[in-house]
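In what follows, a single structure is set out as structure tokens and then discussed.
Labels A, B, C and D are assigned to the chains in the order they are written; within every chain, residues are numbered from 1.
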Amino acid sequence: MLKNQLLIAALLMGTAASTFAQEKMKPEDTEVWEPVPHVVATPLHQAPSDAIVLFDGKDLSAWESQRNPGKPAEWTVAGGTFTVNKKAGNIITKQKFSSYQLHLEYYIPADIEGEGQGRGNSGLFVAAIGTGDEGYELQILDSYENKTYVNGQLGSVYKQRIPLANPARKPGEWQTYDVIWTAPTFKQDGSLESPARVTSIINGVLVQNNVELTGGTKYIGKPEYKAHGPSPIMLQAHGDPSQPISFKNIWVRPL
Amino acid sequence: MLKNQLLIAALLMGTAASTFAQEKMKPEDTEVWEPVPHVVATPLHQAPSDAIVLFDGKDLSAWESQRNPGKPAEWTVAGGTFTVNKKAGNIITKQKFSSYQLHLEYYIPADIEGEGQGRGNSGLFVAAIGTGDEGYELQILDSYENKTYVNGQLGSVYKQRIPLANPARKPGEWQTYDVIWTAPTFKQDGSLESPARVTSIINGVLVQNNVELTGGTKYIGKPEYKAHGPSPIMLQAHGDPSQPISFKNIWVRPL
Amino acid sequence: MLKNQLLIAALLMGTAASTFAQEKMKPEDTEVWEPVPHVVATPLHQAPSDAIVLFDGKDLSAWESQRNPGKPAEWTVAGGTFTVNKKAGNIITKQKFSSYQLHLEYYIPADIEGEGQGRGNSGLFVAAIGTGDEGYELQILDSYENKTYVNGQLGSVYKQRIPLANPARKPGEWQTYDVIWTAPTFKQDGSLESPARVTSIINGVLVQNNVELTGGTKYIGKPEYKAHGPSPIMLQAHGDPSQPISFKNIWVRPL
Amino acid sequence: MLKNQLLIAALLMGTAASTFAQEKMKPEDTEVWEPVPHVVATPLHQAPSDAIVLFDGKDLSAWESQRNPGKPAEWTVAGGTFTVNKKAGNIITKQKFSSYQLHLEYYIPADIEGEGQGRGNSGLFVAAIGTGDEGYELQILDSYENKTYVNGQLGSVYKQRIPLANPARKPGEWQTYDVIWTAPTFKQDGSLESPARVTSIINGVLVQNNVELTGGTKYIGKPEYKAHGPSPIMLQAHGDPSQPISFKNIWVRPL
């Protein structure tokens, strides 16, 4: 038959042909042998072996002041944890990141006071792109029996994405925040090429499931994208200094 | 100006107008107050309060035999764990699920023998859609210093997606498997509407990042979609009976 | 003064002299520099580095059948735990011990049935000195809301010492048993030289505080000492086979 | 035989007679049914339900300054832990105790400096009986690869009892200290009636096994007893302020 005739015949044979083809395949035909995924050691209660440890209880040497670039991150280290020092402002990682998997643990003191956004407020900026509270903020807040707008409660992408659930533990207990961050990409002209996406899990509960972001976080107005490259990760000094939030066990695995 | 003229002017003003508009917005304008995410209690080392517990150490009452529908899942329960009984075949959940978040823990015995696919092999079928090893299989295998085809090693979507890393622990240690499963949807005529997606994390390490599946798992041939609705979750009785794999602490949260 | 006079004067001066003497001492005078205690590594959730591991999840190679000396301990190993097999009878360690520190974890199944001594009964014989249930038995029993004679409940030295508290967890949760065992010593003629003593802590709660034992455990009659040397440790196969008790993470440090 | 003859015969028969007597006993004869030990709940990672919690992460309200009785214990609370503040001096519990079981966790920072007694030095005074460093001190020190006199290293009863082992973890890891304290008793005239005894376990390793104390701790001179009643527990502010030791999870169960 001519080439066209062959094509038509194939189309007519439809699924039967396809199944026939598969039956003639051998198991080995669908085995792939490379590339071989790299080995990661995963000791209990420790960071995976390929992670960049951002805080292991010792010091804040992986961080610096946001407002005084190059100066130390003057939050308080004690007992294997560190605690927000409001006077010192936000802190950012010295290293810049694109997409990654991140783990952190946070602690809101048992005697926390205030309400709404004024109660145990900090934030994880998965990418800090300016000099203030700019970037993409995953909200950290005491949302245990504390009402606020739902796109501003624990686990929200601040003022952009409502969390799927409210897994807040009572203040006075350590809590975990796991994030899979897909950084946005931009074209040469600064316009958006692919949007940012985020999956986040708090205390083991999925709160954001690969949601697409519509831009950087804004306190006033709608999210907007502004082109940027690899960026530091930032922790926000938002809390009342008399009710400080603590952190420990922070690591990140670039993807 | 007339209404149309206003519209044209606004369009001409472009981004400037948009920025102007945002500056006139108030913080409250971007607050959303409902729907309120449901509260989930997250006690340490326990299933979230809204999870369906598939095994809590007591019995296999949430499961049944795959080959003998309606009959008990005759795997061996002891010490808060249960262990594959090859003679009893695969086991499936009595309940059917669409999309969900799942957690399980598995254990490959320290004296495991064999190599390649013959070493510590089981599988988590996130949806079992037939009567045998059909559905979508997330591979469970001893991949600790054990070479096999990379789309068949621990963390692969079997013969479909290579894992991002190899986080296998040494046999004789418990390991964790966390899954976010987005079930595929099908049109009335049985054709695919939206593909399945899966995110999976083993021992805390991301191995599949919201990957799209091209169909159900096939041992021979390429993955293919076959229409189905909510489906049971299945654990595979693949291992050698003298080297049985154990499981514990399994829960699922429908999304 | 003569030597005797000096002595008398010293005695008369009493405490004053003693205090005076101490004030003339230097801090260094009461420093002791040897022997240097041996270093023990204490990794989290693992046995201390100088411990003899009696079960680490792999196999029962440290144990043997009591009734068939030299034959394997045929209890069931799965999922990093092992479970009483009533048919196989008691199991004893191959190695013999005198005084030691011991740790074990035990699990009574959630669906345990029966009452009193018939509910979740096993026992830790810190020294098994005969061929049956002879030796010194620290009671293991489900004492969670289960009444029995108090010198036979969880934590008792069976029929000899009532525990200080009842720290039983609900069946279906792992429990810990920590023991400091001071073996009795005997004279050449077989008579008692120094009695046995035991301190035990269950689930972190002190239940026996260095109590002196009056002899080996007897089901009928009063405890009696019978001379013995280093002895195996024994776990009792007492439970109903349909409600088996499991164990894991057992280690001992000879003192 | 007559009754007297029977008695004489029994005496002559010695052990045989005793055994005979026991064989005639019934199992019930050696059951004791009261007093019933009180029930203690033992949730994982929490203090037993009958414990007095001295620090649960919230505040130091159970403590006060030693040097300024009645004034707050001004050590630094953050992240669920508290940290020595050398300027504020020793802290003591408001409540007084006799014999008890105690648990605490301590942390020596990873960047600890100095050597010998100048490296990570604090102390647990199981009973503080004066206004300074008086009482009975269980030594807390960084003894990880840090040589000092052995009756002054971690786990010693300071200048009185060498520990059985050195289970020090590397600085930068939390460590546990479990103590069973039997307070001394004194007669009306102030002389010693029964000496103090202590059992202590560090990181799960026995370091003092019910040792008898010869008196209160002295930096210079030999231990001496001075009569006292129930006493506060004290933590020592000995460490260099730039390398502070932290504590958490402290509870005590009066015995």
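Methods note: a contact is a pair of C-beta atoms (placed from the backbone, for glycine too) under 8 Å apart; a residue touches a chain by one contact, two chains touch by 3 or more.
Not measured: the values here are computed from a predicted model.
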What is the chain whose Cα centroid lies farthest from the Cα centroid of subunit C? A
Pair with more cross-chain C-beta pairs in contact, given A-D and B-D: A-D
Subunit A and subunit B have mean C-alpha positions lying a whole-number Å distance apart equal to 20
Could you give the separation in Å between the centres of subunit A and subunit D, each centre being the mean of its C-alpha atoms? 45
Just the number, please: Cα centre separation of subunit B and subunit D in whole Å. 49
In subunit B, residues with contacts to at least two other chains: 44
If we count contacts the way the header does, which residues on subunit B are in touch with subunit C in the complex? 56-59, 76-83, 107, 109-111, 172, 174, 244, 246-248
Mind pulling up the subunit B residues that touch subunit D in the complex? 44-45
Of all residues in subunit B, those that touch subunit A in their complex: 21-23, 25-27, 29-42, 44, 48, 50, 101, 103, 149-153, 155, 159, 162-169, 173, 178, 180, 182, 197, 199, 201-207, 209-210, 218-222, 253, 255
